[in-house]
Amino acid sequence: MNPVNYLYLAALLFTIGAAGVLIRRNAIVVFMSVELMLNACNLSLVTFSRMHGNLDGQIVAFFTMVVAAAEVVVGLAIIVSLFRSRHSASVDDASLMKL
Amino acid sequence: MSFPLLTATAALPAVGAVAVAAVPAARRTAAKWLALLFSLGTLALAVTVLVRFEPGGARYQLTESHAWIADFGVRYELGVDGIGVTLLALTALLVPFVIAAGWHDADPSPDSGGEAPAETKHYRWRPTQGFFALILMVEAMVILSFEATDVFLFYILFEAMLIPMYFLIGGFGDRAHAQGEEAAATQRSYAAVKFLLYNLVGGLIMLAAVIGLYVVAGSFSLGEIAAARASGELEMATNTERLLFLGFFFAFAIKAPLWPLHTWLPNAMGEATAPVAVLITAVVDKVGTFAMLRFCLQLFPEASKWATPVIIVLSLISIVYGALLAVGQRDIKRLIAYASISHFGFIILGIFAMTSQGQSGATLYMVNHGISTAALMLVAGFLISRRGSRLIADYGGVQKVAPVLAGTFLVGGLATLSLPGLAPFVSEFLVLVGTFTRYPAAGIVATFGIVLAALYVLVLYQRTMTGPVKEEVRSMPDLRVRELAVVAPLIALLIFLGVYPKPVTEIVNPAVEHTMSDVQQQDPRPDVEAAK
Amino acid sequence: MDNLIALLIAAPLLGAALLLCGGRRLDGAGHWVATVLAFVSFLFGTVLFADMLGKAADDRTVQQQLFSWIPVEGFQADVAFQLDQLSMTFVLLITGVGSLIHLYSVGYMEHDERRRRFFGYLNLFLAAMLLLVLADNYLLLYVGWEGVGLASYLLIGFWQHKPSAATAAKKAFLVNRVGDMGLSIAVMLMFTTFGTFAFTPVLESTGETSEAMLTAIGLLLLLAACGKSAQVPLQSWLGDAMEGPTPVSALIHAATMVTAGVYLIVRSGAIFNAAPDAQLAVVVVGAVTLLFGAIIGCAKDDIKKALAGSTMSQIGYMVLAAGLGPIGYAFAIMHLVTHGFFKAGLFLGAGSVMHGMNDEVDMRKYGGLRKYLPITFVTFGLGYLAIIGVPPFSGFFSKDKIIEAAFAQEGARAWIFGGIALLGAGITAFYMTRVMLMTFFGKQRWQPDAEGEEPHPHEAPRTMTIPMILLAVGSVGAGAFFSIGDRFVNWLAPVTEFEHPHPVISVPVITASTIAVLLVGAALAYAMYGTRPVPVTAPRGSLLTRAARRDLLQDDFNHVVLVRGGEHLTRSLVYVDHTLVDGVVNGTAAGFGGLSGRLRKLQNGYARTYAVSMFGGAAVLIAATLLMRAV
Amino acid sequence: MSASAVHSLWTTAAQQPVDSIPAPHIEYSQLAPMLIVVGAAVLGVLVEVVVPRKARYHSQLFLSVTALAAAFAAVVGLAATGHGTTKVQIAAMGAIAVDGPALFLQGTILLASLAAVFTFAERRLDPRAHGKHVDSFVAQAGSVPGGEGEQAAVRAGFTTTEVYPLMLFAVTGMLVFPAANDLLTLFIALEVFSLPLYLLCALARRKRLMSQEAAVKYFLLGAFSSAFLLFGIALLYGYAGSVSYARIAEVVDGSVRAIDPALAQTMGNDALLLIGGAMLLMGLLFKVGAVPFHMWTPDVYQGAPTPVTGFMAAATKVAAFGALLRLLYVVLPGLNWDWRPVLWGVAIVTMLGGAIVAITQTDIKRLLAYSSIAHAGFILAGVIALTPDGISSVLFYLAAYSFVTIGAFAVVTLVRDAGGEATHLSKWAGLGRRSPLAAAVFAVFLLAFAGIPLTSGFAGKFAVFKAAAEGGAGALVVIGVIASAIAAFFYIRVIVLMFFSEPKPEGPTVAVPSPLTMTTIAVGVAVTLALGVAPQYFLDLAGQASGFVR
């Protein structure tokens, strides 16, 4: 099957993720959308790796997962503390600072 | 390596500024005397420079040159020509008077006099020290800018001197303001900001031009650039030269100031204390006109010639417009400010008439205008400090109660309307003749300035000094010794230079000849000879 | 000997410096210092005069170069003097009359607390006036020119606490400035034309330039003269100038300063000779002013203003004569000198009258004073006879010569100007007779002054009477002395070349008609003021009278056109400066502020909005890069 | 399995089955700075575990200061031994470049962090809580703002000493970022310094809600942007078949030798390259805070604890610009004609946007945030120059700017009222009367920001504009000049406020700090004036350091 299709899929996922970030209010969901974007990147990386027949891309993908995990740790910590102080995880509520 | 006289002349007041600033809060008087001392020392050094300077000698004398910022092609290069040395002397001469005249301007105000010391203790705020330190700082920068023969060095000073000036304008104002202290403060800071922004914008435009100059010429040294141009190895494309010229001229025209970039001056001079106003118009603004002679004409002769018609028209507008607005003012200091705008019009006219009479006249004019405005403005300041109002309408019949004050005020005024026998007449007439020989029409228009000058000066004098004595001025004391000591020498100088300007012209003429050759201009010959 | 020229000026200058800077210490003796110094310079003048008489007529001119004043490339202005017959005449007139008036002032100003300053100003005036007539170049002359203007300003406004005085002073200075403008432009024009503005080179090389240029210079000089000598259209200041103390009016606004214009024209004779059009203009101005002043003189009730009008008209005569060229120069100067005597005398007389009448100036409140002020009456009377030109008094000789010269032209001009000159003589007789009658004859019409104090007319102290007497002598004898054997003409001829006028009608006829005309005028005046009583309050009078009282509406014109117009102009300019010039700048600032405020709204605090902007930015970035490649 | 597969540090493990795994070759000495800092960071974590609470503050402070100092010493050593000029090389099997820019920027970052650590450690400003010194960080990050948990933590005198290891990790990432020589390292470094910063932002002692909000915004947007960056990496990798800078550069400018069919196929597709490049660019522009990727800046700067803000503002910019320079000068020089116009646009909108919006700001920290945006624009102008002068000018500007920034924010920490730092401008009225010294110092920094001569700001601005003009970007210079004119307006506004307006009776007081903050401020002023009056030495340094290793 033509590897390019994977790329299209990756692009699609990436866009969906981005759209999620732009549309959704709940911080957790926004964050998940970001993760989706990262995974889209992974998919394309792996695809390219396959096309080029070298492993760099796949290695990068691994690292991306690790980074994503780290982001989850940090992100969740922040979001949770925010939730605890405001009892809401909506990113729109967090708008004290503006202008 | 001889003694760096020029550096010393600029360094002494700078050191003085630091020293004065360091004086503890309580020792106000000590700070004043220290400042006066340093300014006098600077004057002494300036006189030495004047003595060491040989009018007939090399174009730039007492030169110093040290590596500074190689990456920017910048050197610390100093040197004075006839014009620079004259203005240097003027600056060094005026500052002691400014300091002496402003003796009490920065004292904690009497109305809050009771807790003034307490306040200073609480805030560790030392206005007096600051005031005199800033004045000395300005002096240092102005002097150095007259000495700089490196464009970058000059630019840096041109910009940097705004800061102390800005604090002088915004930080210290006339006491007992008509609309109360609060309104006065807001007006002051408005004036200060206006002053700074105007000049900063000019400076930044100039910055672009300075960079452009470097890109084109690859050097900032006046000497090198001039040499390169002379030897033809530096060719400036016409448009480049014109753009660069405009960049420079714009900044100088704001500083000078030239119509329509003048509106900052009345605010600044109106709100600042009289001595500071003198500092602005008699010292700092001269840097602008000086720079036109030194940089615009030397670096961009072709472009200067190209721009001359427009500039002449603008300066004519300045002359008439400034005078007319002076007639229309209700505020003494603003009136003097507009008068200065008119005079700056004359100076710029003289510079760009491109005749030796015009340029010698312009240089002489800078000196004379400095002295005459100082005299008039300082006396006005003494007057205002007595009555606590700047409005002409609040005065009347002063000459009856304070004849000496009135007399000195009149002499200052007569100098401002350039009465023959007083210094300004010489320069004004030179400018007029110099202009007339090349642009008769312009000369005639400018002559109208004479009549208008008489109008605003005499109206001012009549409304404030003559007529029945107003109640508020009845108890007005006459000039005190300190004040007389400030004004008398200035007046003496005005008379001396009016009768015998030769010492100055001798120094200035060679420099002017150099400038004239820079712009490849000859004086137009008289018709009679031309006919032969 | 030559250094005397400098000392001539130095003496009064020293006096001025001493008195003005000396402070209270000199309050006591100051006036004597000044007077002595005035006489000293008169002494120097006479010495120089004697010296000059010793020389041959054609090399009496003395040049003295003091120092180089403004040395600039291609521009030489020196402080240098030229003493020739013309300037010598003026020196003697100025220092002579000047000293007498100093003496007179000692008495007149006795009770003024600012007397010291007054004498300082007087000395200053003497110095400036001498500089004016002694300068050897137009620029230095200009210095003196403005110097006398300053002195006149200070002296007119000497009683500054009177707003009217301050205004009059300001007006005088401003109007003069307009004239000065003409002079300075003329000097510039000379510089561009001849490359110099020293008398000798300029006047000798008039042949080398175009007539048009000379006409231009001539007209500018005429403008200057109009300002200084109160000729139409710049005459309006002279009447107001009477606000000054009477000695000032006598010295500055009658005898010397106002005649500087005539000096200028005569001095520049070479230029005018080569520019007929300019000459014609001069003649016209003179003729017009001659009538103008005379008419005003007829209408004024203020004795000094009446005399001022007369001064205007007499100077009109001189200017007219000066405009006639070589046939007139000498007579212009001659009339100038005689006028100096009798007009100064008249003014001093008027001063003495006022002195006796609690400073009352309205002639309608005089009357019958001849008994109380005998000396004044006599001296004034002699001056009167002189001015109306009764033979053999001095005025007769000088004025008659001018009238002859006026008739000595080709075509209609002769009749026009001759006629005007003749008519002027008649009017002069009329208004001077009027003054005479209203002041010294008729019933007493004295009124209590502002403090309700009845006037007690009394003869002035000797310091005042002596000058009056001496001047009276001058006004009696001078004319005859000058004219016998054409002394004066020959004396001046080397400087202002002279031609004998050839009137279109024979001289005796002119003389006869002159006398006839003046008799008519005098008779008319007697009929109007000598036979019937003079009302204390002025009758409304005819339209012409009312106009004449208002200086023929000249001031009203100035007020409406210049003052009002100027005020509107400046006020609107102030507005423009504030709203337009400043407004643009403030507007830009405000514009940025508004823009900032609007852009600020984008920062709405919502993370998702920020994300949108990032996303959009990325899209634009990508699009742009692709586009760059595409193009 | 082409050679390209083997060169990279990350892919050595992926070879054919062998009996022994060849260890990658690491030049430890060249990597010393980063290694020292990361080691210290790890140690710091251990300290949190083993050292009793009382001693943590001091030990952590000591640890991080020594580490940073040592790292800086190492950088100096490397530079002295010519690794920045003659012996430039690519270390760690192509992962890290050790060359002039890298060393210069690492040095700058280390010094800046050193200065920042002192402000982190300041404990004199806040009033003592229950007799214990407190710094500007929350007692216990987990506790609910205003809840019992927090009060208890305060009572117990807890302090979040974790900030030091966090900061050290961030510094590590920043050190690697400008030195990264392949895309993966770039990405890792980015995350390594971003994640700790997210956390640091959330740790303010006062105004915790704002602090947490700042953290969330920063985190979400940061993650969002790094996703773009990563996708860009993927595309570039797809285009060039490698993540190594050198390799990609070869492919981009077509000087690559062995071309296998796959590569040939992808090479043909410029879209990959351009889109990838653009996304990568966007990721970096986000970090430098260029319009339109700047919107996080004001909020985060305002919400974060001021010491962190200072650290971020200074160090992050340095690191990010370093990476940007390397990317543009080493990887994508073949694409000049594509990215230059784009950057032109970005620079212009950044300069103007930052300056204009700043005019109407009312909070000093937000004001400085916008000013930092404007400055990013100025620096971009230098980046565009594309000449060695351009590089050196940017390096100089970054050095100058970072010290001014840290100093300025340090002063901001001093101005306090009951509610902690008084950052609203209205409260700064008349500060010059109350404490002339502090006001004067801050004025110096403002003037430097405004680029007034005799301050480092002017020297930097001049250098950058000069480079841009020589690089043929005259128009950019003119716009930059206009922007600085606009910018001058609001810096001056603050000065007017401080000196010319009457002090408010209930106005804030200026706390007297401990020697720590004083040092920071003093250093800031000293560097500002030194670089302003006699910049030659540092310009030389930057000039020598302006050569990228390829």
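Letters are used for the chains, namely A, B, C and D, taken in the order the chains are written, and counting of residues starts over at 1 for each.
Basically, a residue touches a chain if its C-beta (ideal position, glycine included) is under 8 Å from a C-beta of that chain, and two chains touch if they have at least 3 such contacts.
Chain-to-protein mapping (UniProt): A = NADH-quinone oxidoreductase subunit K; B = NADH-quinone oxidoreductase subunit M.
Quantities reported herein were computed from a predicted structural model and do not represent experimental measurements.
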Item to check | Between B-C and A-C, the pair with more C-beta contacts | outcome: B-C
Next on the checklist: What's the farthest chain from chain D if centres are computed as the mean of the Cα atoms?
Outcome noted: C
Checklist entry - What is the distance in Å between the mean C-alpha positions of chain A and chain B? => result 65
Checklist entry - From the C-alpha centre of chain A to that of chain C, how far is it in Å? => result 97
Item to check | Gap in Å, rounded to a whole number, between the CA centres of chain C and chain B | outcome: 37
Next on the checklist: Report the inter-centroid distance (CA atoms only) between chain C and chain D in whole Å.
Outcome noted: 81
Checklist outcome for this item: Among chain C residues, those touching two or more other chains are 589, 600, 603, 605, 607, 611
Checklist outcome for this item: Within chain B, the set of residues that touch 2 or more other chains is 197
Checklist entry - Which parts of chain A, given as residue numbers and ranges, touch two or more other chains? => result 18, 21, 30, 91, 94-98
Checklist entry - Every pair of chains that touch: which are they? => result A-C, A-D, B-C, B-D, C-D
Item to check | List of chain B residues in touch with chain C within their complex | outcome: 197-198, 259-260, 262-263, 321, 324-325, 327-329, 356-357, 360-361, 397, 399-400, 407, 414, 419-421, 425-426, 429-430, 432-433, 436-437, 440, 443-444, 447-448, 450-451, 454-455, 458-459, 462, 465-469, 499-502, 505-506, 509, 512-513, 523-529, 531
Checklist entry - Can you list the residues on chain C that touch chain A in the complex? => result 600-601, 603-608, 611-612, 615
Item to check | Residues of chain C that touch chain D when the two form their complex | outcome: 589, 592-593, 595-597, 599-600, 602-603, 605, 607, 609-611, 613-614, 616-618, 620-622, 624-626, 628-629
Checklist outcome for this item: Counting only contacts in the complex, chain D reaches chain A at residues 1-2, 4-5, 8, 10-11, 14, 141-142, 144-145, 183-184, 187-188, 191, 195, 198-199, 202, 208-210, 212-217, 219-220, 223-224, 227-228, 230-231, 233-235, 237-238, 241-243, 260, 262-263, 265-266, 298-299, 302-303, 366
Checklist entry - Which residues of chain D touch chain B in the complex? => result 392, 432-437, 447, 452-454, 458-459, 462-463, 465-466, 469-470, 474, 477-478, 481-482, 484-485, 488-489, 492-493, 496, 499-503, 534-536, 539-540, 543
